[in-house]
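Down below are the structures I want you to see.
Next, two complexes with subunit A in common: one pairs it with subunit B, the other with subunit C.
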Partner chain A sequence: MRAEGWMVWVVSAAAAVMLVHNPVYTVIVLLAARVAGVVCARSDAPFSLSLARIGGLILALSALFNMLMVHVGELVLFRLPANWLWIGGPYTVEAGVFGLSNGLVLLTLLVIFTTLNTAVSTSELVRLMPRALRDLGVVILIAVTYLPETMGQLRRIREAQAIRGHRVRGLRDWRPILIPLLIGGLERAMSVAEAMAARGYGATADARQPFFVQFLLLVGLLAVFGGWALSFWAGWPGWLLLGAGVVLIAALLWRLGRQTPHTRYRPRLWTRWDTGMVVTAVLPLIIILINRDGLTYSPYPALDWPGFDPLVGLSLLLFLFPAVVRPIQKNNNPQITQINADAFP
Partner chain B sequence: MTTRLLNALIYLTTALIGVAAFAYPFVLPELAGANADAHAADAPVLTVILLAAGLVVLLVEVQGQAVSAKVVAALGVLTAVTAALRFIEVFFPVPGGFSPIFAPIILAGYVFGSRFGFLLGAMALLVSALVTGMVGPWLPYQMFTAGWVGLTAGWLPHPQNRRLQIILLAAFGVVWGILFGAIMNLYFWPFVVDGSATSWQPGTGWRDGLSRYAAFYLLTSLVWDIGRAGGNALFIAVLGAPTVRALIRFRDRFQFQQG
Partner chain C sequence: MIQIENLTYSYPNGRQPALRDVSWQVGAGEFVLVAGPSGSGKSTLLRCLNGLVPHFSGGRIAGRVRVNGLDAVAVGPHTMSRHVGFVLQNPEAQAVLDRVEPEIAFALENAALPPQEMRVRVEEALDLLDLTPLRERPLSTLSGGERQRTAIAAALALRPQILVLDEPTSQLDPQSAEEALRALVRLNEDLGLTIVLAEHRLERVLRYVDRVTYLVDGRIHTDAPTETAVFQLPQLPPIAKLGRKLGWKPLPLTVKAARRRSEGVRGWRGGGVKEPLNSSPLHPFTSSLLKVTNIKFAYNGRPTLNGINLSVHAGETVAVMGRNGAGKSTLLKCVMGLLAGEGEVMVNGRSTNGRHVADISREAAYLPQNPDDLLFAETVADELAITLKNHGMVSGIPIPDTHTEHGSGIPIPDTHTKHGSGIGIPEPRNSINSLLEQLGLAELAGAYPRDLSVGQRQRVALGAVAITRPRLLLLDEPTRGLDYAAKKALVNSWQQWLADGAGLLLVTHDVELVAQIADRVVIMSQGEIIAEGQTADVLASSPLFAPQIARLFPESGWLTVADALAGMP
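Here is the complex of A and B:
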């Protein structure tokens, strides 16, 4: 599965959760995203957060915080004197339920992005950088490449200082470790720059953007800004203006990226599975946007069961697509995953 | 001349977008009135899009201004060093939200100028998010804010007196330690739309919004942020002087232009 497909999946799932704000749908997305994350995890994923512990913490804190702050609702558990600043007043079940529902949204966002981070490797994420930002792409690649080297350097300096009897007791003792690290890093930057210049980096490309591109970038940005502001008054016309601005900026980035020819070593092919991924990821969002009225859940003023629309609920299950496809892909062509694992360490 | 003007306009627009994206919870209710209620749920989604668009345009613009093999290499390596510091934060005996990532951004922005500082701030946050697997909707906000830390560090006066310089930088670290927390809180604050005394309520005035936010901040984040502010000051006080010396020596070798 290509990283582009995953990005669409992530954006769509996150937008669905943020727009709907209803615990039933949120739980569906949460479970779908978690299953996808477990099934599609790379073998060399950096590390996994303990989601159960963090999730419990988020839910408990947001419920507690909301009960502490909100004193609205009918099912009163107990009361504190009303003249206590902020925390005085009745403590209600409704406030706790709303806090839980908020915490669930935050937790689901966390799970969605954890899935992205475990399923897609760092180098593939870097490749998503628009080609127009090629120099910053190089900066990121240098940084990602040198990070393990820097960590190793740090360890070596610490060992060398320890041999001389240096021990880290306070903050001041970090000076003989961090300053050599910095100077060594800058020395390396000098040699990297010389190597890049020797290979002709920056010699031919004209860094300055053409005038009309700059002008249109500004126009696109103003459209996004205006659309954002307008959406608060008028709703959908603002969305349209914002969307037009985003499309304009994306087109300009594409145009700028074409100025520099660029080759890629062993590209991952776009298959029909990727098309399927994009379609199944966008579909639930469209269904939500069409019938949004009544989807949102609020326990105030009196506790009630959240509404459930089977169509929306079923459509959210489409977020399971990568989890379903992954085993099929593996069975059909075990070589592909192997080669890709080699090409993108 | 017109290009200059266009550059200035782009910088101005992105700065306005940054301010608007962080400040809309306070200003919006008064401006939009009753309509604000109906669209409150969309606001966080749209704001992430707005901020990401502003960030991309700004990065394209700054990149066009500041590109050369030396700048790219120095940025890449310094980003790696800064991101590596994030892994050793457990070693520092400072409690709370301290992260040693800010001190190098401040010092590099101070020595190499605000453009370099902005790029280093944004890139350092991006790379450490990529490496630790913490990419999320909060990332554009973090990149924008950390970029501002480096950007504003370049605006500081450069006194001759070394001691004065370090005191100035340490104070700057304290200010941004608090400010970073206050700004980053605004990212999730509108999510907590629950009508409480300390949460964002669409349909109230900005004064009211601000006082609610102050209460929210005092209750939830101040202790954490004081840890970060103190850590920044301590880090700069102990390590700032030799770092600035090393950076200045390399600036002369790199032949950076200041500004």
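Here is the complex of A and C:
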């Protein structure tokens, strides 16, 4: 599955959760995303969060915070004196439930991004950057490889200082550790830079962009922010301006990308599965936007069961698509999935 | 292929030129070794070939550099990257991306090759260096030799006609180095690739190369085909050195070639077995400086040490050898308390159990692999003084005032009152000066440590860990990346310690060093000791660890050139 498909999946799932804000639907997306994350994990996924523990923490904190701040509702648990700033007043079940529902949305977003992280490698994600921004992408990738090496270096230096009888007691005692780390890091950076120059990198960096391109880029950014601000008062003209800004920036990046002479090694082929991924990811969002009324759940002013529309609920199951497709791909062509499993760009 | 005329170059802050009036040529298909002590201009000369000097480094340059018909100085590294592949010393510090395949493709993407062509070239490069099975692996999971092969493949992806390598094996253990060198020989012989290789470990590479260029102080000292150059080189591998002493012509560079000549040497065959000089260094009454009993350690659940027993006695040098990952460094760290292993470690007759690393390090000096991890002070003398201060062994310190051109660095507070009267502790200034004297660093006491050469930095680091005058020295690959002179200076500095009754535990891959100085050898594999005994017994019987002289005269008991010369009638 290509990273583009996954990006659409992530954006759509996140948008669905935030638009609907209904615990029943949220739980459906949460489970679908988690299943997809487990099934599609790369063989060398970097780390796995302990989601159960973090999830419990998010839910508890979110409920607690909402109860502290919001004192509306009929089912009152207890009261603090009303003259206490912020935290004074009645503590209600409704506020707790709303906090929980908020926490659930946060947790689901976390699960969605965790899934992206385990299913797609950083280098593949960086490749999604517009070609004009390739330099930025390379910097990110170097940082990804640079970080673990720096951690290793830090450990070695701490050992080296410890055997000189060094102990870290105060802030000043970090000097013997930071200086070798800094100098060593700079030396390594110089070496990497030299290796890159020797392999023909950096000729594109001198190519200065003509003035009008920079000017148009600025205009595009202004249009995006202006349009966003305008949309609060004026509605659709604001959105129109924002859209125009986005189109302008995209066109500029595309143009700049064509100017930069470099190519990409071995882009993964776009298959019908990728098309399927995009369609199934966008479909639930469309259904939600059409049936938007009445989907959102609010326990205020009185606690009630959240509503449920079977059509919307079922459509959200479409987020399971990658989890369903993955075993099929594996069976059909073990050779290809072998490559997919390692997800190289 | 390469023509250099009257090249003189100075680095931006260089007081003297790094290269002086160098005129040099390399023909197509040649395999040339650029040798010389560190700081002789090897790396600089190599960097002129692809325009990194002066485009990357700055500085002043005069003379002409023509490579493959192009003026390297004028066109710069980007254009030259298509003609010259470049591999650096440290495999870790030249990887741009995180996996083998994209790393190889990086240069091709920069050159904007069409994707189809790119596929072909990456496959080619993978095949040439036998990397196909590793193609999808993250670089961090590869061994040093595999990483260096990846770097070579990445340099070859653009199909350059010249491959330039700057000490590509100096950070590798012998097996990995051999692996990388054999790959180069194949490229040279099968593809006719022109190869220029800088290296100071002549014994590793001399037999593969067609020509040797020896640099001294930025000038060409010797430039001749290998067979004739060996007569003029200041340093040689042991068999060639022996051959020169015995007047053999041509000088043998491989054990195979030397074997034919050695048949004529009398005295080693039939009764020439040498009595080991000190057959019982384990005097039952000398207390052991280090006694390790049944040490076990598991790293992430994977056992790295499996019940190691080891002892080091006064005046004794023990060498620990073995493959990378055999657990050698882990053993040293367990002794120092940096890693908490099971079992018992006795240093100077006292258990290290529950003691802080700082406390143990007063009685046992540990020199880690990379001296740069230690050094941070303003002057060499400060480095030593700071260790004393850490241990609370300073009493009102004026750091050598004769060498304060760089300023005396960190003001060291008077810890006298805090840590008692310091009875029995020698005057710090004297102890610092005398140790610097012993390390051959007396003249450099005021210098900034990081400006020194690798060998000097290694000795400063040794001084910094050993200023407390412990009786036990633990050294982790101390000669890695050092040239002959630096190695000799380091070995000399150990002699004084040994004479004073210290013990040395040495982790190393350097067979010739072990043959020269070790009393006993321990060979480790997979966290266990697989062989242990007198140096001559262990080394001579091992095909992998035998020094060249032992291979040449099997069953003679000889390990070094000096042994052989002394043993011959």
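One rule holds for everything that comes next: the second predicted complex is superposed on the first by the 291 of 345 C-alpha atoms of A that agree within 3 Å, B and C clash if a C-alpha of one lies under 4 Å from a C-alpha of the other, contacts with A are read in each partner's own complex, and residues count from 1 in each chain.
Simple rule for what comes next: a contact is a pair of C-beta atoms (placed from the backbone, for glycine too) under 8 Å apart; a residue touches a chain by one contact, two chains touch by 3 or more.
Not measured: the values here are computed from a predicted model.
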A:Trp233 contacts which: subunit B (first), subunit C (second), both, neither?
first
Quick one: classify A:Ile179 as touching subunit B (first), subunit C (second), both or neither.
both
Hey, is it subunit B or subunit C that touches more of subunit A?
B
Looking at the overlay, what does A:Ala160 touch: subunit B (first), subunit C (second), both, or neither?
second
Determine, under the contact definition given at the top, whether A:Ala41 touches first (subunit B), second (subunit C), both, or neither.
neither
Give one of first, second, both or neither to describe whether A:Arg266 is in contact with subunit B, with subunit C, with both, or with none.
second
Name the contact category of A:Leu75: first (subunit B only), second (subunit C only), both, or neither.
neither
Which superposed partner A:Leu141 touches (first subunit B, second subunit C, both, neither):
both
Taking the superposition as given, does A:Leu218 touch the first partner, subunit B, the second, subunit C, both, or neither?
first
Now for A:Met196: first (subunit B), second (subunit C), both, or neither, which partner does it touch?
both
Hey, what residues of subunit A end up touching subunit B and subunit C alike?
122, 138, 141-142, 144-145, 149, 175, 179, 183, 188, 192-193, 196-197, 201-202
Per the contact definition, I'd like the list of subunit A residues that touch subunit C in the complex.
44, 122-123, 138, 141-142, 144-145, 148-149, 153, 156-157, 159-167, 175-176, 179-180, 183-184, 187-188, 191-203, 261-267, 339, 342, 344-345
How about subunit B: which of its residues touch subunit A in the complex?
2-3, 6-7, 9-10, 13-14, 16-17, 20, 28, 31-32, 35-36, 38-39, 41-47, 49-50, 53-54, 56-57, 59-61, 63-65, 67-70, 72-81, 83-85, 87-88, 91-93, 104, 119, 123, 126-127, 130-137, 188, 191-192, 194-199, 215, 219-220, 234-235, 238-239, 242-243, 246-247, 250, 253-254
In the complex of these two chains, what residues of subunit A are touching subunit B?
14-15, 18-19, 21, 45-47, 62, 65-66, 69-70, 72, 86, 95, 98-99, 102, 105-106, 109-110, 113-114, 116-118, 122, 125-126, 130, 132-133, 135-136, 138-147, 149-151, 154, 168, 170-172, 174-175, 178-179, 181-183, 185-186, 188-190, 192-193, 196-197, 201-202, 207-209, 211, 214-215, 217-218, 220-222, 224-225, 228-229, 231-235, 239, 242, 245-246, 249, 253, 256, 296, 300
Under the stated contact criterion, what part of subunit C meets subunit A in this complex?
50, 52, 55-56, 77-78, 81-82, 84, 86, 88, 90, 92-99, 101-102, 105-115, 118-119, 122, 136, 138-140, 154-155, 158, 333, 336, 338, 356-358, 361-362, 365-366, 368, 370, 372-376, 386-387, 390-391, 450, 464-465, 468
